[in-house]
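Look at the two complexes coming up: chain A is in both, with chain B in one and chain C in the other.
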Partner chain A sequence: MFDTSTFIRLLPELILLVTALVVIFVDLYARRRTALGLLPGLSIVGLALSFLAVFAQWGTREVVAQTLAADTFAAFFKMVAAVAVILVVLASVRYMRARTRYVGEFYAFLLVATLAVYIAVSARDLITLYLGLETLSIVSYVLTGFLRDDKRSNEAAIKYFLYGAVASAIMLYGFSLLYGVTGTTDLQEIARRLLNGDVLVNMEWLAWPAIVLVTVGFAFKASLVPFHQWAPDAYEGAPTPVTMFLSTVSKATGFAVMARMFLVAMPALQSSWTALLYGLAVLTMTLGNLIALRQTSVKRMLAYSSIAHAGFILMGLVAVTTALGQPFNGLDGVLMYVVAYAFTNAGAFAVVAAVEDGTGGATLDHFAGLVGRAPFLAAAMLIFLLSLAGVPPLAGFAAKLFVFAPVVRQEYYVLAVVALINAVLAAGYYLKVVKQMFFVEEPERAPFAVARSMRWALWLMIIAVFGVGIFMNWFAFMASQGAAGMLGL
Partner chain B sequence: MAFFDRWVLTIILFWPLLASIWVLMLPKEKEDQIRRVSIWMSVVPLVLSALLFVDYGARFLPRGGGIHYDVQVTWIPQLRASYHIGADALSVPLIFLTALLTTLSLYYSARVIKHRVKEYFFLFLLLETGMFGVFMALDLVLFYVFWEVGLVPMFFLIGIWGHENRMYASLKFFLYTLVGSVAMLLAFLALYFHAGTFDIVQLAEKRPFADDIFKASLVFFGIFLGLAIKVPSWPFHTWLPDAHTEAPTAGSVILAGILLKLGAYGFLRILLPILPTAFAYWGFLMVILGVISIVYGAFVCMAQTDLKRLIAYSSVSHMGYVMLGLGAAGVALSGKVVPLSPDSAALAMDGAMLQMFNHGIITGALFFLVGILYERAHTRDLTAFGGLSGKLPYYYGIFMVAGFASLGLPGLAGFWSEFFVFRGAFDIVRVWAAIGVIGVVVTAGYILWRIVANVFLGEFNEERWGDKLWDMEGYEKATLWPLVLIMFILGLYPTPLVNFFNQAAVELLTKAGFMFH
Partner chain C sequence: MVPLSWYLTVAALLFVLGLYGVLSRRNAVAILMGVELMLNAVNINLIAFWRYTRPDNVAGLVFAIIVLTVAAAEAAVGLALFIALYRLRETVNVDEIDLLKG
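Take a look at the complex of A and B:
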């Protein structure tokens, strides 16, 4: 069963696993100073190698070990995760060193979390899917509460854990219903049996509560309104690099799993899950933005903004069409949005981390006159905020284009108007930060420096944000291949 | 010539962007160098666009106009969106206007802006690329990109270098425009799904939604919202008085001179060719909005005490002429009204286009003049002045030329645009054109009664102003003379410009299916 080809297909995962182990051992045996220098480098090398291993196998479309899909859809999310985690590592070098002794564990956990993401996005079986998501969740709880002496970090972890556990239980219940009806955990098989009426018990109607329960579970993971209450606290209390991870990679994973689950296992019930997601999308973007408007902490504001963005991503799934080969099919919008959003949001949170480092806080007041004190940070933040607002030629514009388009194609006029209003609302609070950074002048406050690794990370993200926007065609190409290559369609 | 044809637009378009990157590289202490680099770099697109004007006029205008200097490079093949730029008889003069006003603004700002110099010139050059891009783009995605690119620098120009209420005004400006542009984006996507391309030229040939007036109207109003906010037409104008009043002098010049034209340009480049049926169907609405803008704007001017706000509202009124001209052409296109002379539709459109150009020159000059006074007096209150004609004769003279051009005195540029608009519109929508004429009368009222009587005539307040006010300096004269000259030249001999715009109008109307008998 375990032959060479399986080994090669699993190479990206294995690289991550080995790197995580190496990081733990180096941390155990190396002297502290060497370890501090070595660990981030090791993690980045491992992530980069694993990225290459995924990229080298782009275009495959096969089942591995019966439960994993080695398809372009999974590969796309894996590559996004690998790159995003590299950026997280770069952003955490100084931040974590200044706040905790357990740096080795931190990087190891990040690598394991990435591994969990890899498994979750390629899972094509309910059990594997749950395994991946649950590993990711548990590691995320630990990472959120990583600063043991920080009350807020602890509170965030507990909140996140309690909500997450409940969500997992609900989702699991939904899975059990699906299994009870169809007698299989294989996603493709579930779809086939639901379609043919080839079911164990004659209670197909159970698929409906199953959809609702599964959706609720995913909605918790992806922090969709009204299942979002944990997110702002967790995002604000967690160490900022962890917030970067949660708001980009974790969230992307939630959408990947959701897309695969709905499209592969329940194509027959599309109208009902579309209706559910439609409502969630409208609620999520509107409430997320309205609450974000009132925040005074930039970190918390970005937390709510990332909730709102989840609503935008959801538009792609709501308006998904089965003609996945064509551009603007909805699913490619989800992928485009995930890439664009990963770089942009990670960038924005990285700036927040740097500002916290330099000024000791991340409220709007700490951003006042930033252009005079740390012009590079201010410029970087401006670029990320404009991208979040969807201003061309930045990444956020590409994302906006690709999720608005399917909505227009499907002629969901109400959703389109809601999205329009929300785009403007969001710009309103992004500009509030811009105003603080550039229009308010604080000549008395001292300038501060930015760590070198952070500078690197920010440059990379700026280039990426421009790159995705200007060379939209490359990313659109990858996204459309990623969407069309989903196994089991 | 092949090289010129292929590259001239691309060079004009990206030259300011390169210049802005150069400015970004310079250390911010070297303010003089930043100023010099910006001004001289902006001369290049100015010279090229002047060449473009002459070249187009000599080579293409006598041979039936059309789009030339076009470049098309695939950008997003999956969506059939491309880097497609080109210029025709409509855009060539507007590209020249953009280059001219930008260079003058930079030259003037070099003396006036002393705070955060590097950022200012960086943003201004970036803005220039955005404006050029809109006038050149022949692809909807590209059009949208440049449309938004211009938005950000102006937001900063108002927010950092503006007056007391700058933060409110800048935010209002940005959010208003964003509402419109997102609506526009949605409409562009609808066009794409119907016709399978973002290319403006191809879309004009395919005529999406030609047989479905309901959907065509839906798309029409999506784009209309974006454009009407930018123009701005009543009732979408409320951002304008704030933005124009609070912006720094050069910012107001560019706002009034170019950014408003982007909106009007969109009507001609996108709405009329791509959705001619909806344009014709809703032409009457545009006439009504235009006339309301003209009359309402003019009356509001009468009530102003803030000189800059007055000029700002005069823009609402003057851009109303553009809307009236376009709307009249639309009504003629619909065939519901048969004009006595079939040329009337083209004449109304000529007038609208002429007004776009002339308003840029005239209001640009007026905003410079208001800025010059504000630099000295630090107040914009009309009633605080009086009797300046004796103390500042040179300033008085220049202001009179610009003011008279603005109220449409024959012999100056503004006359022709109003004349063409009303000559065309009278034949098509007589009653509404007649109401619009009220605006012309009131314009004379606020220029003469509000501005001239309050500021220049009457008693000079020696106690308050004593030696605080002085006449124009060399650089101020140098900024204004080019504009004044153009007002005279176009006033006495508008033929070259009319040739351009008439060609464009005939072309647009013919393609939209209008029959010239």
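Take a look at the complex of A and C:
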């Protein structure tokens, strides 16, 4: 059962696992000074190797050990996760060193979280899906509360944990009903039995509550309104590099599993889950933006903004179609948005981390006159905010284009108009930060330097944000291949 | 033999009871106990469905065992967080942890 080809397909996961173990052991036996320099480097090498291992297998379409799908859809999300976590590691070098003694565990946990993402996005079985999602959640709680002597970090972790535990219990109840109705845990087999009516007699109606319950669990992971209450608190209280991780990789995973669950296991019930997601999308983007407007902490504002963006990503899933050969499929839009948003949002939170390092806080006041104190940070933040607002030729524009197009194409005009109004609303509060940075004078505060690894991370993200925007076609091609890998086009 | 629907009813009641505990309790440990009730409801569902529909296929059993295991891991992390919370503030009442809001 476990032969060479299985081994090769699992190589990206194995590399991550081995790297995590090596990090723990190096942390245990190396002197503290050596460890501090070595651990981030080791983690990055592991992540990069795992990225290459995924990239080398691009285009395969296999099932590993009957539970993991090695397809382009999973590969796409794995590559985004690997790159995003590399950026998180770069951004956390100085930040974590200044705040905790346990840096080794921090990087090990980040690697294990990435491994959980790998498993969750390629799971094609209810049990594996649950295992992947839950591993990711449990590791995320620990990462959020990593600064255990910091009241805010601890509070964030408690809130995240309590919401997360309840959401996953509700989702599991949905899984149990789905298993009961169809008698199988394999997603494709579930779809086949639902389609053929090969289900538990007189109990087929249980599939409806199952959809709702399962959606609760995914909506929690992707922080969709009304299951978002944990997100602002967790994002604000968590160490900022962890916030980078939660708001990009963890959220993308929520969308990946949601897409696979609905498109692979429940194509027969598409009209009902589309209606559900439609409502969630409208609620999420509107509420997220309205609350973001009146925030005074930039970190918290970005948290609400990231909730609003989840609504935009969801638009793509609403407009998904399994019809052949259409340009602008909704699922392409989801993948496009995830890439663009990962770089942009990770960038914005990285700037927040750097400002926190330099000034001790992340409220609008701390950003006042940033251009005079750290011109590079101010310029980087400007680029990320413009990208979040969707200004061409940046990544955010490409992302918005690829979710609006399928929505209009599928004739969801009301949704398109709501989204358009929301895009304008969002630009309002992004510009508030820009005004603080460039047009408010703050002569008393001294200039501050940015850590070298952080500068590297910011440069990479700036290049990526321009890259995705300018080479939109290439990314769209990859996204459509990724989507096709699962849709079976 | 007891019909399947009886088991499902008990599980549904247990699930709602757990959810009620989660929503009404203010003590973090009591909330965690509510969550455990919900997970046990899931397990009753899984085992009952397995026994009555596909006793030849072990998927339901495996699922239930994995749910048990993960629930234990989750409780370990949760209780560790609660202990850290108690050390910092001498309370595990969720109404009193309100530094982050807005």
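Throughout what follows, the second predicted complex is superposed on the first by the 481 of 489 C-alpha atoms of A that agree within 3 Å, B and C clash if a C-alpha of one lies under 4 Å from a C-alpha of the other, contacts with A are read in each partner's own complex, and residues count from 1 in each chain.
Methods note: a residue touches a chain if its C-beta (ideal position, glycine included) is under 8 Å from a C-beta of that chain, and two chains touch if they have at least 3 such contacts.
Every value quoted in this text rests on a predicted model; they were computed, and no experiment measured them.
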A:K435 touches, of chain B and chain C: first, second, both or neither? first
Chain A: partner with more touched residues, chain B or chain C: C
Partner chain in contact with A:P392 - chain B first, chain C second, else both or neither: first
Which of chain B and chain C A:G145 touches, first, second, both or neither: second
Partner chain in contact with A:V22 - chain B first, chain C second, else both or neither: neither
Touched partner set for A:L111, first chain B, second chain C, both or neither: neither
Chain B versus chain C as contact partner of A:A169, first or second or both or neither: second
Which of chain B and chain C A:L420 touches, first, second, both or neither: first
Contact footprint of chain C on chain A as seen in their complex: 126-127, 130-131, 134, 138, 141-142, 145, 148-149, 151-152, 154-159, 161-162, 165-166, 168-170, 172-173, 175-177, 179-180, 183-185, 200, 232-233, 236-237, 295-297, 300
In the complex, chain A residues that touch chain B: 327-328, 371, 386, 389, 391-393, 397, 400-401, 404-405, 408-409, 416, 420, 423-424, 427-428, 431, 435, 438-439, 472-473, 476-477, 480
Chain B to chain A touching residues, read off their complex: 74-79, 119, 141, 144-145, 148-149, 151-152, 155-156, 159-160, 166-167, 170-171, 174-175, 178-179, 182-183, 185-186, 189-190, 192-193
Touching residues (chain side chain C, partner chain A) in the complex: 8, 15, 18-19, 22, 28, 31-32, 35, 38-39, 41-42, 45-46, 48-49, 53-54, 57, 59-60, 62-63, 66-67, 70, 73-74, 77-78, 81-82, 84-85, 88-89, 94, 97, 99-102
